[in-house]
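In what comes next, chain A is part of two complexes: it sits with chain B in the first one and with chain C in the second one.
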Partner chain A sequence: MSLLSDVLVILLNGLQQGAIYVLLAVGLSIIVGTLKFVNFAHGALYLVGTYAGLFVALNVPLSNGKLAEWGFSSFGLDIGFFAALIFVPLFVFGVGLLMERYLARAFYDRPDTDQILVTFGLAIVVQELFRVLFGSNSLPFEQPERILSFGSFAGLPVSGPIALPIVGNFPQWRLWVIGITAVLVALVYLLVEYTDFGLVVRAGTRDAEMVRLLGIKITRPYIVVFGIGAALAGVAGVVGGPLNVVNPTIGTNILVPAFLTVVIGGVGSIAGAVLGGIVFGLTTAALVSFAPAWSQVGLYAIAAIVLLTRPQGLLGDEEVTP
Partner chain B sequence: MSLLEIDGIDAYYGESHIIRNLSMSVEEGEICALLGRNGAGKTTTLRCIAGATPPDVREGHIRFKDNDITGVPAEDVSVQGISLVPEERRIFPNLSVAENLHLAEVVNNKSNTWGRSLSFGHKGMTTEEVYDQFPRLDERKDQRAGTLSGGEQQMLAIARALKQNTDLLLLDEPYEGLAPKIIEDVEDAVERISEAGTTILLVEQNAAAAIKLADRAYVIDQGSIVFDGSADELREDDETRERYLGV
Partner chain C sequence: MSEKDANPSAKDALVGGTLFGRWEKLRGREGTVVGITAILVAVFPYLFARAPVVSGFLQGYQSLATLILIWGIFAIGFDLLLGYTGLLSFGHAAFWGGAAYAAGIVAKNVSGDPIVMVVSGTLFAVLLAWVLGFLSLRRGGIYFSILTLAFAQMFYYMAASPLAFLTNGENGLTGVEVGSFLGVIHLEADVPSIGGMLLGTWLYAFVGVFFVGAVAVAYRILNSPYGMVFRAIRENEQRAEFVGLNVWRYKLMAFIISGGFAGVAGSLFTIHGAYVPLQSLFWTESGDIVVMTVLGGAGSMFGPVLGVGLYLYIENIVSTIQALTIPFTGIVLVRDFGFYWHLLLGVVFVVVVWVVPDGLWGILNRLRELAVDLGSKAAKRLRARSENGGGGQ
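Right, the complex of A and B next:
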């Protein structure tokens, strides 16, 4: 083990950890930046994504909670991880649409504190609902071994170690997480930068009333933005599930890092959310290796430094306020 | 029938009563000026017409092409053919000049028109026509709009309005903060737009400049109309000008 390979391992682990933050922060950032809606239930969408991913991909035994009491000894469709990657984002997208239409929309004109109270309340309700149904204990979310296996085609191996130059063996799944995140974020970026939908969203971030004065019904792009943000949180749940524990508190636990990522990157900036996520991921990975006791503090220290020196965030625009 | 008829409206910002029993009309093809001091209620009147909230219109009616548009949301007023060039221009500084202009066409996208009836008399200008009229914008089309000078930003705001399918153009203080030379350019643009058949309601504090272009003028004070007549009549009515316009 050379120093170089150690550094590269930390880099890759950091990118993987950062990828989860990025997925959450990009969605959260476009919701906060465009809709000016402070969504403390974003972590709950991650929670829903994780459990939905577990449900679609695997079939896990249940021993705790109401579902087990009601006689369900196991939970899941067991139709594979790739199916989860397709269906869960669609499902959480739908959840996002409902949330925008029936909850967020009523709060757009109300103070941030009201938005925080109602969404944090919702997050706790969702968390406790999952606790009642599945119990407080962690469920096993195994890494998928292969994806896309049909009939005689064995599929692509995605778990286990892969030999990389210099680094040596590295868990393959972590590279997939980085890759999936990069593709999705690139898609969202293209959507926002190069389509009329994105043009309306970027204009609306600045001056929603002027967009409406141009005859554009902004409620439609808004609901789609919320759906996309939710779907990204769902993907984060699916790809992050096998790397972390799965229990009802993961949503609230991930909420603060996700918000910090948005804030240090700059509210409303996709590039900022990506940069913020990578910075956090690398910091966490480095501290876990060199000073594990400090690994939880790192995020807050970085957030404090960034906010003291650049209050609008690393790539934030001074004139956009959430 | 007038193109726009306002019939006894009362409008509020929260509990502040800003517009009091205001009636006025704008005839097809004319340039009509709405003049008054700062705080007299000019911008509020335009916002009422354009469907922007606040203010909140609690009494009276606003009719456009004989349709009642009182309380109709801004996006639906816009597709009936009214464009507002607001105070301080409100261009999107984070978008390029070309993107700012393109935004005025997005209203025609299927995703936006679905379920709504668009009923314009005029077709909006094409991007080429707009660049013909405003060559400066063509030169700067890839630049962020926030980096343009004040005069260029005003041109962009007007150009954007022209790209909409507009029958009635509401101009809110188009000369504000501009150098005299640039004011002349804006005046030329307003005249060309008027000659092309678009009706204009021009709101200004700079009464002298507005009267020069206008066919008719209203003077507003404390939320009510206090003068109504031709531009020539206002030019000769020293008392009204002295009392309400300070000129």
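Right, the complex of A and C next:
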């Protein structure tokens, strides 16, 4: 192992770690930036995504919680990971639509603190609901062996190590996580920057009242933006599930880093969310190798330093921040 | 003065008008508030844990009564910030847990005297609040919430591993030995004679004194010109600024005061449990105090204490209920009812934020106003009737 390969491994691990933050932060950032809605329940959407992914992809035995008591010994459709990657974002998109329509919309005109409080309450409710149903213990979310296997087609291998130049063997799944994230974030970026839909959304970010006066129904783009943000959190849950433990507290645990990613990147900026996620991922990965005791502290220290020196975030625009 | 003028007031006294008016006048006085608080604090553990019928129904116990007062101090301080100044901090676990650790570490290394523990814990919390407030208050709104959250989490992870030599890491700070108060009174011992029946342990009395003190201090602050500035900032920060007030300085002071209250509570928590869990620094602890305060009613003096009582009661007592039955029938409504306690709290919290932002205290207040309204109407009707009767003679 040379120094170069060490550095490259840290880079790759950092990117993978950052990818999960990026997925959550991009969704959160477009919601906060566009709708001016502070969603402390974004972690709950990640939680829903993880469990939904587990449900679609695998069939895990249940030993704890009310579902097990009610006679469900196992849980899941077991139709493969690729199906989970398709269905779960759609499902969480739907959850996002419902959340916008029935929760967020009632709070647009209320103070930020009320938005934080109600979504924080919702996060507790969702977390406790999952605890009641599935128990507090961790469920096994195995990494998929292959995806897209139909009949005779064996599918693409996605797990196990892959030989990379210089680095040597590296867990293949982590590269897939980075790839999936890159593709999705690019899609969202294109949608927001280069389509008519995106134009309305961006105009709404600047001045929602003016857009309304021009005769554009802004409620519809808003609800879609919320849905997209939710769907990204769902994807984060599916791809991140196999890399982390799966239990009802993952939602609240990931919320804080996700929010910090948004804030240090700059609220409303997709590029900022990506940059923030990568900075956090790389910092964590580097500290894990060099000073493991400080690995978690570093993230918060960086967030504090960035916010104090550049309050609008790394790529933030002072004018559009709420 | 003619007879005619004197008559109505005499009639008022007959139907209780002036008595009520007198109470309304007394109600707002500091002495009344502190006195009634002291009386309630004195009878609370008896009613909660030992009174014949009531405590059997409530299933309370002494140590929970102590815990409620400790969190109550925390909530009163937190409400100074959230309810009166309008700043939502998600980082108060840093002051609560920080003070708990400071008090515990002092007890282990310097002196286990309860007073020394409280003073050192509070001092630590105040200094910490000074620094964190100075840094976090540079941004307003949601950024303030997130910054406080970030700083508090930083302390959690620092205590978890880099500072584990001081804090004992994941296991929490064990082996804290709390000495006796003034070298004479063991806090675990019961208060002798009638005091023992009412208060129970010396520990409760010790905490109770701090609680009454906290109420007095908070009441004095809120009803002083200084506290009026806090409220002005909550209502309209920009206008307060235009009037010429240094808003930033007042906000910082509100933050520090509130951190100080959290510090007193955190130190008492260490004395109460002789142990500091690492969890006490985690951000969910900040979330708990937010939930308690809002549930009870942010922006009122005693609402948050009510919220604390409800939260801890559900967490510790309701969570042990095996099955929810209809009284006297044995028909089981919900099996394993206690299992759902946190879910129940979450739902209640969401409903409160959504529908009654002024919390349980707001509901009680509206009920009181309704009763006063009905009462005065009834009194008026009574008076009208008696005057009619007088006219008929």
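Definition applied: the second predicted complex is superposed on the first by the 322 of 322 C-alpha atoms of A that agree within 3 Å, B and C clash if a C-alpha of one lies under 4 Å from a C-alpha of the other, contacts with A are read in each partner's own complex, and residues count from 1 in each chain.
Going forward, a residue touches a chain if its C-beta (ideal position, glycine included) is under 8 Å from a C-beta of that chain, and two chains touch if they have at least 3 such contacts.
Note that the structure is a prediction, hence the values are computed from the model and not measured.
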>> Is A:203 touching anything from chain B or chain C once the two structures are fitted on A? First, second, both or neither.
In response: first
> Comparing chain C with chain B, which touches more residues belonging to chain A?
Replying inline: C
> When the two structures are overlaid on chain A, which partner does A:301 contact: first (chain B), second (chain C), both, or neither?
Replying inline: second
>> In the overlaid three-chain picture, which partner chain does A:116 touch, first (chain B) or second (chain C), both, or neither?
In response: second
> In the superposed arrangement, does A:216 touch chain B (first), chain C (second), both or neither?
Replying inline: first
> Is A:317 touching the first partner chain B, the second partner chain C, both, or neither of them?
Replying inline: first
>> Under the stated contact criterion, what part of chain B meets chain A in this complex?
In response: 50, 52, 73-75, 78-79, 83-84, 86, 90, 92-95, 99, 102-104, 106-107, 109, 111-112, 116, 160, 164
>> Could you list, by residue number, the parts of chain C that touch chain A in their complex?
In response: 82, 86, 88, 90, 135, 138-139, 141-143, 145-147, 149-151, 153-154, 157-158, 160-162, 164, 283-284, 287, 290-291, 294, 339-340, 342-343, 345-347, 349-350, 353-354, 357
>> Considering only the defined contacts, which chain A positions touch chain B in the complex?
In response: 196-197, 199-200, 202-203, 205-207, 209-218, 220, 317, 319
>> Under the definition above, what is the set of chain A residues touching chain C in their complex?
In response: 32, 38, 66, 106, 112-114, 116-118, 120-122, 124-125, 127-129, 131-132, 252, 256, 259-260, 263, 292-294, 296-297, 300-301, 303-304, 307-308, 311, 322
